[in-house]
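Below is one structure. I have some questions about it.
Labels A, B, C, D, E and F are assigned to the chains in the order they are written; within every chain, residues are numbered from 1.
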């Protein structure tokens, strides 16, 4: 009976995509569900997975909006 | 001071609807709030209810995207 | 496929209890599950309910720890 | 490694706004992250903040949809 | 920057265990983090995983406390 | 009507403490509530704050249990 929630920013990770694609979502659902089957013997049919896409403006990291923080990190040496 | 979160897929459950209707949301809010009043004596004015609608593509069940899983279950006898 | 999370403080609501009792939890589970069946036609066997008990010290309201806030509210007229 | 989730209704709090503005979100992210740094010495770069905007229709208070409850409270004396 | 929350009941899945073991938790953390690296190219160092163990009494399924529901399901043929 | 959830590991951040202290919790509650009052004009009495303490074994970072990851980071130069 596991419930897995995956929070990610609403952005693409491959050229030409602006958000997680349906195919990628299906891969995440399959991967997590089978992980719980393998590690904890939880049947697939009693595992829920919820993917929560968050606007980048709504995600904070390093005290800044995420995109702003990434820019600053990219400028830092090493 | 209860906080109740209701996660449901963004789909209609009555003909002609494509998502939970405002009327249905009001019924859920009323029902849950009064349940907490009846069972735990929690005053209505200090109970929050949040309804979180999730795209069907973002909901996994049985290791598959929910709609895909439902199709497969429908094909299974018994 | 609804997922309902009920967050409540870890305290009793009836004389002699210090937390939500097993019986009260069963009533909450039953009540919420049947509400979703009645309002949205969601089958009981695909509804998960999770009750999350929070220490009163970990719950803030009115800018104060909950118990402190309740004391202050009780002292206020009207 | 704190994770802070801020759930607010999707509405403006200043004239001319209909939702939390990007500037306000940045202030919330900064404020919460620095609070955790000051109180618990948690480094900014390992603190995530997620702002979850909820449609007012999806938020229940006092057993009613939030806007309906506010209207009723506004009519009550004192 | 993904945040993954895994809610499971506090029970063992192997003989002699009464809850998820430290080893199993490490496997879940590793598996989920690498899944997000493989599917969405999310770096391990910016992925948080939180495992939330829930008392079985606090988990509802089929309108009943989970253990009660399991007993009833076990009695049903097919 | 904001709901703020603060997830932190169950560990002390000051000598002699093994978890977040009651005093620190009160500071977090006060700080977050007043932040929402200042930035979004949300009244203190309609803001809930919930602090969720997570065992370090249940928190994953960098694909590892958090304490393990910290050890490895500490060994890395720069």
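List of remarks:
What we mean here is this: contacts are C-beta pairs under 8 Å (C-beta built on N, C-alpha and C of every residue); 3 or more make two chains touch, one makes a residue touch a chain.
Values in this document were obtained by computation on a predicted structure and should not be read as measured data.
Taking the definition of touch as given, a chain qualifies here only if it contacts subunit C and subunit F alike; those chains are B, E. In this entry, E-F is the pair from E-F, A-C or D-F that repeats the interface of C-F, since more than half of their contact pairs coincide by residue number.
Look at where the CA atoms of subunit A average out and do the same for subunit F: the two points lie 21 Å apart. One simple way to say how far apart two chains are is to compare their mean CA positions; for subunit C and subunit E this gives 22 Å. Look at where the CA atoms of subunit B average out and do the same for subunit F: the two points lie 29 Å apart.
Residue positions of subunit D touching 2 or more other chains, listed in rising order: 1, 3-4, 7, 28, 32, 48, 50, 59, 61. Taken together, the touching pairs give a contact graph of some other shape, not a line, ring, star or complete one.
Of all possible chain pairings, those that touch are A-B, A-C, A-D, A-E, B-C, B-D, B-F, C-E, C-F, D-E, D-F, E-F.
Remark: subunit F residues 1-9, 13, 20, 24, 27-28, 31-32, 35-36, 38-42, 46, 59, 61, 66 touch subunit D in the complex. Of all residues in subunit E, those touching subunit D in their complex are 1, 3, 48, 50. Interface residues of subunit C, counted against subunit F in their complex, comprise 7, 54, 57-65, 68. Note for the complex: subunit B touches subunit D at residues 22, 25-26, 28-30, 32-34, 37, 44-45, 47-53.
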